[in-house]
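In the two assemblies presented below, chain A is common to both, partnered first by chain B and then by chain C.
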Partner chain A sequence: MLLELQGIKKYFPLKQRWGGKPSEVLKAVDNVDLTVAEGQSLGLVGESGSGKTTLGRIILKLIPFDAGRIVFEGQDITPFKGKQMRQVRKQLQMVFQDPYSSLDPRFRVFQLLDEAMLFEKEMKLADKEIFFSGLLKDVGLSADVLNRFPHEFSGGERQRIAIARALVVKPKLLILDEAVSSLDVIIQSQIIDLLLTLQKKFNLTYIFISHNLKVVKRISRRVGVIYKGKIVELAKTDELFNNPLHAYTKELLAAAIEYKPLSIRPTIALDGEFNFVDQGQEHFVLKSLGH
Partner chain B sequence: MTRNTEHVSEFQLALRSFKKNRLAVCCAMILFIFYAGAIFADFLSPYSYRNEDRNYSYCPPTPVRFFDEGKWVGPYIYGQTLTFNEFYRRVYQTDTTRRFPVRLFVQGDEYKLLGLIPSRLHLVGVQEGARLYLIGADSRGRDLWSRILYGAQISLSIGLIGVLISFSIGLIVGGVAGFYGGWIDNVLMRLCEMVMMVPGFYLLLALRAAVPDDFNSVQIYFAIVVILSFIGWAGLARIIRGMCLSLREREYVLAAKSLGLSDFKIILRHILPHTVSYSIAAVMLSIPGYILGESALSLIGLGIQDPYASWGNLLSDNMSIVRIKFAPWILWPGVFIFLTVISFNIIGDTLRDCLDPMMKAERK
Partner chain C sequence: MGRYILKRLLVAIPMVLGMTLLTFILMQITPGNFLDTIRMDPQVSEETIGHYQKMYQLDKPMFQQYIHWVYNLFHLEFGYSFYFNIPVAKVIAGRLFNTFVLSLASFLFTWMIAIPLGIWAALHRNRWIDRCIQFFSFICLSLPSFLLALVFLFLASQTNFLPLGGMHGPDFENMNFFVRSMDFLKHLIIPTLALSIGSIAALQKIMRGNMLDVLSQQYILAARAKGLPEDRVIYWHALRNAINPLVTLLGYEFSGLLSGAALIEIICSWPGLGSLMLTAVRSKDIYLVMANMLMGGVLFIIGNLLADVLLAKLDPRIRYDKKH
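Moving on, here comes the complex of A and B:
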C-alpha cells in the first residue's frame, strides 16, 4: 500500500470556554480508515462540508489532526515535523480547487515552478529551463509561458500550470482537491484527459476529491463516499455506481440525475456505533450496529 | 496562446499609473532634489554648518547681483557694514563701495565628501572680507542656507532610518502574529496595544527623558531614531497582522506549504509581499511623522543640539516673536519641513491609489 490512513479524526471546536474543553465540536473528519495502492486512483465524493477537503489537507499534514495515523510507503509519518516532513512532501503533492488563488499573482511561471525546486539547489538555470519546458509540454503548454504572470492565463491554463508545479518534485501521490470543479465542462474533460495521460506517463497515484460524480466516475478506479466526516461507502467505481448500498450514496446518485427540493430530502442520521462491513467484491458499507 | 510579447507584473502596472499623476511626480522630484541636496550638502553649501562670525548676527540676505548700472559684470554681492541704532539694535547697511564677486567652485571650509573624500571645494563662495548669505544668517552669523542643507542630512535621514526600523519590526511582528494566530497572536497584539495606549508625544518625551543627557550628538541621533521607531511599529503590526490572517488562508500559501517551504520562507515570499501595496503607501505616509517627531524634539531642545543643525532645532530660533519680526528668514526651515511632509503625503496617497485599484474604486 502506498498510503494508509488509520482512524483519522479532526474536530473543529465550535464553542470554547477559556482554557476549557470545547463544549461543541464539528466532526469534520471522523474516524476515517483508507488505503490507496500505488498507481491507483481513488475518488472521494461528498457534498460541501462533508470533510473531504479537510481529509485531503490532513493527508499532506497541511493542517493538524486530532487522532489517527498516516502511513506512507510503510512509514508512519504522523510524528514527522519540519525537515523530515518536507522530505516526505516531495512524494505527496496537491492541486487545489481554485487556479486563480493557488498561483501567487506576483510570481512568473518560472518562479512558481522554481519554488518547488527546493531540493535541487545546485541545478543550473539553463538546466532548469529545459526541465520546466519539458514539464510544461507534458501538461500541454508551450515553453514560452515561463516568463508570464498568472493573470495572463485562462482558468484551464492556470490549472495546467498548477499541475506542472505539483509534478516538479516528481511525486508519487497527487491529491486533486476539486481540481476541475471551477472549470467549464470542455476544459474539465481536457484536464481529465491530461491527468489520465500523466498518470500513465509518471505512474502517479491520485486521490481525486470532488463533488462532481461524472468526473469522479471517469477518473477513479475506486470511489469512497464521505458524509458528515465518515466514509459511508467504498467500492470499485462501477460497482458503486451500479449497486449503491448506503442510503446516502443512493441519495447522492439520485441528486446527480435530478434536482430534488431540500424538503423532500431525508436526513440520514449517523449517530451511535457503526461498523465498516465488507459486502463482498471489496464493497464496503458503513452499517449501524444497532440494527 | 500568445497574446502580447510584453509581460508586466502588477507592480509595474501600478508604477505606470503613478507616472501619470503629475502632482505626485512633481512631489517625487522635490523629494529627490531635497535628498540629493542632503547627500551633497558639504559641496553645495557655501560654508560649514559651524562656520560662524558673530559680527554678522542675523545678517539679512545678501542678494546676488549681476548688473552694474545696466552693464553685465557677472555675479557679485556688496559688503555689509554693521552699525547700531539709537536702541542699540543691530542695523546692517549695504556698502556699495565694496564689491565681492561670487565665484563657482571655490576653496572653503574643509569637509569629507560622503564621509570619505577630503575636499575643500564648494559650489559657490566669495572671498574673505564679505560673507555670502543667500537667505540670511542666524544668531551667531552662520549661513542659514548652509545649515538648512546640513540639517536636511539629519531630518531627512531620520525619517528613512526610523521607518526602516519600525517597519521591519512591524512587518515581522504582524506577519508572525497573523500567520500563526492563537496565543502567539494574543501575546504580540497585547504588546502592541500597550505601546499604542500611551499618547505618542508623551511617550516620546518619556523615552527621551530615559536617555542620558550627556550623550554626544551621534548617540542622540540614534537615540531619537530608536525612540521614534519604538512608537511607530505597533500600528503597522496590527494592520499587517489583520492582512496576514486573511492571506494565510489563500491557496497559494497552502500550495507553498505542500511544496515543502518553511514557515519563515512562506511569510517572507507569499504573505508579506502581498501587504506591500499597503506597506509602501503606509511607509510614505508615516515618514512625515518621523520628520515632525524629530523636529518637535529638537524644537523644544531635546533633540539634536547646537552646533549641529536639524530642521527642528533651526526652527527653535522662531520661538521668539521678536526674532521673527527682526529676521523673518529664520522661518525658512519651516518651509522645507512643510514641503517635505506634504510631498511624502501626496506620494503616499497616490501610491496607495495606484497599487490598490480596488480600494480606489470603493472610495469613489
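Moving on, here comes the complex of A and C:
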C-alpha cells in the first residue's frame, strides 16, 4: 500500500471557554481508515462540509489532527516535522480547487515551478528550462508561458499550471481537492483527460476529492462516500454506482439525478457505535451496531 | 509608464488650482480682513498699507486678486505674510526643517514598529500575545495624542530625564556638534512618541488584517504543500502580497511629512508648520495659508503618484499603460 490512514480524527472546537475544554465539537473527520494502492485512484465524494477537504489536508499534514496514524510507503509519517516532513511532501502533492487563488500573483510561472525545487541546487538553469518546458508540454501548455504571470491565464490554463507545479517534484501521490470544480464542463473534461494521461505516464496515484459524482466516476477506480466526517461506504466505482448499500449513498446518487426539496430529504443519523462491514468484493458499508 | 506619469501631473494642475481657489474664497468670505490688523498698528503708516494694497491688488475684486496670486506664483512669488511682516517663503522656510524632522521621526518610528508588530500578531492570531497587542492597540487608538503628550511631559517633569518641550537646551550655542545632536534627539523623543503611538496601533491593525487575509489564500497552502520552509512561505509569499495596501498608505504619509501637527507642536513648544498655520488662519494671514495649502496639495498629489508607480513596480497585475 502506498498510503494508509488509520483512525484519523479531527475535531474542531465550536464553543470554547477560557482555558477549559470545548463543550461542543465539530467532528470534521471521525475515525477514518483508508488505504490507497500505488497507481490507483481513489475518489472521495460527499457534500460540502462533510470533511473531505479536511481529510485531504490532513494527509499532507497541512493541518494538525487529533488522533490516528498516516503511513506512507510503509513509513509512519505522523510524528514527522520540519525538514523531515518537507522531504515527504515532495512525494505527496496537492492541486487546489480555485486556480485563481492557488497561484501566487507575484510569481512568474517559471518561479512558481522553480520554487518547489529551491533546495535542489544541482540543476542548472538551462536544464531547468528544458525540464519545465517538457512538463508544461505534458500538461498541454507551450513553453513560452514560463515568463508570464498567473493573471494572464484563463481558469483552465491556470489549473494546468497548478498541476504542472505539483508534478515538478515528481510526486507519487497527488491529492486533487475539487480540482475541476471551478471550471466549466468542457474544460473539466479536458483536465480529467489530462489527469488520466499523466497518471499513465508518471504512474501517479490520485486521491480525487469532489462533490461531483460524474467526475469522480470517470477518474476513480474506487470511491469512498464521506458523510459527517465518516466514510459510510467504500467500493469499486461500478459496484458503488450500480449497487449502493448505505442510505446516504443512495440519497447522494438520487440527488445527482433529480432535484428534491430539502424538506422531504431524510436526515441520516450517525450516532452511536458503528462497524465497517465487508459485503463481499471489497464493498464496505458502515453499519450501526444497534441493528 | 512615462506617459502615464505625465498625464497624472497634467491632471494635477487644475486640481491644485481648484483647491487653492476654494481656500481663497473661504478665507475671503469669512468676516474680517488681514489689513485691519495692520491698520491697528500705529507704527505702520498709511503708505505702507497702500503699498500692500497695490502690490496684491487688494482693492480689486476677489477673483482678480486670486488671478494675481496665481500670476505671482509663476514668478515664484508666494506673497507676503502680514502677521510676520516678511515674505511667506521666508516664514515657511524657517519652520520647514523642524516640521520635517518631527514628521520623519514619527513616520519612521511608526512604520518600523507597527509593520513587524502586525505581522507578529497575525502569525500568533488569537493567542494571548495577539490578544494583548490588540487590547493595548485599542487603548492607544482611543487616547488622543495631545493627552499622551501631556502625560509624557508630566512624567518628564517628575523624572528630569527628558527636556520639557522646545527644540534645544538652554546653552545650545556653546555645544559641539555631537552634544548638539544628542540634545536635539532628546527634545525629539516626547513629540515623536506622542505622535506615533496612535499611528502604531492603527497601522499594526491594518498590517495584521492584510496579513491574515493573505494567509488564508490557497497559494499559501500551496506553498506549504510544495515543501517550502515556513519562513519562506511567510516572507516570500504572504508578506509580498500583504504589503500592497500599505504602499497606498505610504503615499498619504508622504503628504503628511510637511503638514505638521498643530496640537503636539503647541504642547511641546515645537516651532513647526502646524502651529504656524493655526496662527495664520486665526489672524487671516491669507497668503501664508494659501502657500501652505499649495504645499500640502502638491505633496499629496506627488505622494499618491509615487505610491501608484511603486505599486505598479511591485505588483505584476497592475499596469497603467494599455500594452501587455
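As a working rule, the second predicted complex is superposed on the first by the 290 of 291 C-alpha atoms of A that agree within 3 Å, B and C clash if a C-alpha of one lies under 4 Å from a C-alpha of the other, contacts with A are read in each partner's own complex, and residues count from 1 in each chain.
Everything that follows uses one rule, which is that a contact is a pair of C-beta atoms (placed from the backbone, for glycine too) under 8 Å apart; a residue touches a chain by one contact, two chains touch by 3 or more.
Given the structure is predicted, the values throughout are model-derived calculations rather than measurements.
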Check chain A with both chain B and chain C modelled on it and let me know: fit or clash. clash
May I ask you to decide whether A:Glu157 touches chain B, chain C, both, or neither, giving the answer as first, second, both or neither? first
Considering only the touch criterion stated at the top, classify A:Gln188 as touching first (chain B), second (chain C), both, or neither. neither
Which of the two partners, first being chain B and second being chain C, lies in contact with A:Ser210: first, second, both, or neither? neither
Applying the document's definition of touching, compare chain B and chain C: which contacts more of chain A? B
By the touch definition at the top of the document, which applies to A:Asp144: first (chain B), second (chain C), both, or neither? first
Kindly point out the stretch of chain C, out of 3-11, 21-29 or 57-65, that overlaps with chain B after superposition on chain A. 3-11
Following superposition on chain A, which residues of chain A contact chain B and also contact chain C? 57, 60, 62, 82, 86-87, 89-90, 93-94, 96-98, 101-106, 108, 115-116, 118, 149, 151-152, 162, 165, 169
Which residues of chain A touch chain C in the complex? 57, 60, 62, 82-83, 86-87, 89-90, 93-94, 96-98, 101-106, 108, 115-116, 118, 149, 151-152, 162, 165, 169
Please give the residue numbers of chain C that touch chain A in the complex, ascending. 217-219, 221-229, 232, 237, 240-241, 314-317, 324
Chain B partner contacts - residues on chain A that touch it in the complex: 57, 60, 62, 82, 85-87, 89-90, 92-94, 96-98, 101-106, 108, 115-116, 118-119, 141-142, 144-145, 147-149, 151-152, 157, 162, 165, 169
Help me check something: in the complex, which residues belonging to chain B touch chain A? 1-3, 7-11, 250-252, 254-262, 269-270, 273-274
